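Per-chain numbering from 1; labels A, B and C assigned in written order.
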């Protein structure tokens, strides 16, 4: 049973359609890519008039902003890098697989929380609280890592038989939460006492009298905490990927040769994942430099040259957000602010490209090692 | 699961600070991050939703003999002294001149919660807290319980059908005032309410927050125009970003010569996702608003110049800017989806005599659809939470007109609009009475976070579903 | 491993010659390279009509590459360059006049791993038909039934034509792919190790199907399984390192190979 021959009457039409569609997609695709490219071109074009103004003025206007940006980013990274890398090491190397499948998306969800919400909490809730309880806040920063160590110490000291009934280290990420909450409560309860006892009542007064340090409600400390919170997930996510990609045979091999867990991590895992961790930190830095709303809401927006963690700053991004809508197009401020945007653009673009290149090279290296598929 | 516990359990080696404690520090980092995230969400939930719970009204008598009524907001330690002070919301701005009152706790002689204290929401002048004496309408007069019943009966009617009547009110310290019925928005007697009534009032409050416009310079009322503006802007943005993002991804993945240049372009596009959003805002302001918008004004709206039509921030420019901002997200997600489709599927279609277009539209694009959807949802999630670029290209603290109305051409792309994120920023930082606005800011923040989280969870779910489907196929 | 062949050897390759009315497909001095790396070298052979021709050889010998060249699938990859000529029924397939989609309809191809599309069984078979022309539903149903019957699948799937094709077993999927290809009525069917991913029973079914199909069309089978080639093919070509070593009737190649290389390969001394 052979059915009748097919006739292909539609052939020329189909080929034409194909050719037209291919042309359309190519035009559209290239057009979109060019539009994206136009961002850089526009920024450079609008900055050109600045060449006529002379650099001293531009420098005078922009250098406090640049300083503020760096200070804010630095404060954020100081908080975010240890926490994010610690979390990445723990969840890549120690956490139980079941827990990790839940925790990792939860931590990555932190990234989705809008900056304006974080900024609001930091600027209106956290900042006044820290202002009133500066000593407690500082004590907390030291006390939290100590209490984690304390948990470890207690765990080591518990009798081996009892320890088997306790939840293991692979679940510590979860059950340390109530422990830390308890420790925070204890610290908050004790800190006013200690402040009374050792510092004669008020740390802020002491700072002012002894060291001449001013205290602004919205300051680098607040920005660091808030923006650190926002940057942790991006660093964590990439660093965790890099560490989880380290072939487990490498670490096991090192331990089989008699290296301690610490040595295996430090000499093998971190060394192998080093480039990946570097690119994670770079991406975090890019995010910290460009974040606008958190700095705007939590920093007080005073363009100061001050290294004090208790004083505010104004970052380039925040300055653009506040001043550009009021600047008359074509005016000097307008061009200066666009120059600031160009600096941000180039900086983040370079940092991200560097991170991407490093990451790709790392991936190629793992593939050569044949550790991962 | 990595076993790190075995060797210490079997025999006890020498305790080594470095070796045994650093895993705990790392674990604590995870715990700390989760704690912070949980604390943030819990704070928003409790404060954002708690605001709508009818607060118990207190009648406070001070040692000085002064009395006032209100609900306690919070307690703070006194600066430089022992003891705390407490903040009360007292309302009655027209009588007292202020709505808030700080009281030292030690000065309070007595606190009572009489059931007949009521709280009236009025416009203008905000809340009244005190007692209802009577309602007068023409010659009729209701007193006591009857007055309260009459009031609730009147409020249950639509505003247009309420008969004109006068409320006779008295504050706890004895001042009286007459209030026309027309100015009353709602009334409640929280101290006399049962749990179910309170829950009902709470639900009602949440609903009004979502469905009404702001009142009293954004310190009161709801966020409906902001929700509407956000959603409309995001929809317009998706309509623009989806076709272009998908087109660019198809070009990059299916048509472009896979050489060094394409690889560079791909890295570039990926990196644009990391460029600060404010830079896109600058581009939008310079190119869309001043460049294109300015020219449009000169050509088509020259009669209204110098007041700009399109030459100022507006809905169209805002959604275009955000479309550009989220373009890399859509491109990257779609490209990942396209790359995941097995080459065998493409070859199978081509070997049957399909042209490239037929292969794309009938096999590849349907298979990549979940990935595209994921990309668009991620883009929407990012756009919904983004505020900084909007400050440059068209958001308004209080838009006089909605961007959609009955007037031709119905959708007004040039109008400014309200946005949840900017509304939050503005009420929290530029409001006249920040103290009064903070509960609403909490509620707005909660709403924004919920929207963004739900969108992200949808994207995660889609991606997971996609992974499973792929697993079946292999 | 075999030492690289000398050109003197290649010259001696005995090529089965068929008169033009018997030859369906002929390959003439074909060389092909991926990004400059040579994969096929100066290949000449012709495939007889309504017969099964098997290409055998160690992996990497270029047999799949040759198959894909006949379907012009290499067009998808820009780095591939070729010289020489392939003619199908007297028509040069690389001729600018040749419509490549029409060529691919006439030369069906079945791949190593089954690749049904993510749609229903019915839609899978209808896919190629819909591309060609708009048919009334009755006629299309007839053709689909015929194609599935020819692929020995109809009885197994006739009650679930609208279920997803991915729910079928591997062997059924492969027969579905064959049915899909038969539906557009090709003149030649290329099979690239069609049974290598299947269990023995499914393999037998596919082999039986191949033998039955040769009354309808010309089949070219690439396989690394010598027994399979011996069981189903009428002619066998042995390729090694991109060159044709020996080509002739299957019986002759397997029982009485002319060259030592071929015998070594067939008897498993080289892989």
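What we mean here is this: contacts are C-beta pairs under 8 Å (C-beta built on N, C-alpha and C of every residue); 3 or more make two chains touch, one makes a residue touch a chain.
No experiment lies behind these values; they were computed from the predicted model shown.
Asks: What chain lies closest to the overall centre, CA atoms only?
Replies: A
Asks: Select, from B-C and A-B, the pair of chains that is joined by more C-beta pairs in contact.
Replies: Looking at contacts between chains, A-B has the larger number.
Asks: If you average the Cα atoms of chain A and of chain C to get two centres, how far apart are those centres in Å?
Replies: Result: the chain centres lie 55 Å from each other.
Asks: At what distance in angstrom does the C-alpha mean of chain C lie from that of chain B?
Replies: Roughly 61 Å separates the two chain centres.
Asks: Find the geometric centre of each of chain A and chain B from their Cα atoms only, then give the gap between the two centres in Å, rounded to an integer.
Replies: Result: the chain centres lie 23 Å from each other.
Asks: For chain C, write out the residues touching at least two other chains, lowest number first.
Replies: 101-102, 105, 131-132, 184, in rising order.
Asks: What are the residue numbers in chain B that touch two or more other chains?
Replies: 355, 358
Asks: Where in chain A do residues touch two or more of the other chains?
Replies: 14-15
Asks: Which residues of chain A touch chain C once you look at their complex with the stated criterion?
Replies: 1-3, 5-11, 14-15
Asks: Within the complex, which stretch of chain B touches chain A?
Replies: Touch list, chain B to chain A: 1-2, 4-5, 8-10, 12, 15-16, 18-38, 40, 43-44, 76-77, 79-80, 244-245, 247-248, 250-252, 254-256, 265, 267-272, 274-283, 285-287, 290, 313, 324, 327-328, 331, 355-358, 360, 381, 384-388, 391-392, 421-422, 424-425, 428-429, 434, 438, 441, 445, 448-449, 452-453, 456-457, 460.
Asks: Using the touch rule from the top, collect the residues of chain C that touch chain B in their complex.
Replies: Counting only chain C, the residues touching chain B are 71, 73, 76, 78, 101-102, 104-105, 108-109, 111, 113, 115-118, 127-128, 131-132, 166, 177, 180-181, 184.
Asks: Sort out for me which residues of chain A touch chain B in the complex.
Replies: Of all residues in chain A, those touching chain B are 14-15, 17-18, 21-22, 25-26, 28-30, 32-33, 35-36, 38-39, 42-43, 46, 82-87, 89-91, 93-97, 103, 105-107, 109-110, 112-121, 123-125, 132, 144-145, 147-149, 151-153, 155-156, 160, 163-164, 168-170, 172-174, 176-177, 179-181, 202, 229, 232, 236, 260-262, 265, 283, 286-287, 289-293, 296-297, 317, 320-321, 324-325, 329, 337-338, 341, 344-345, 348-349, 351-353, 356-357.
Asks: Across the complex, what residues on chain C touch chain A?
Replies: 99, 101-102, 105, 129, 131-133, 139, 142-143, 146, 149, 184-185, 216
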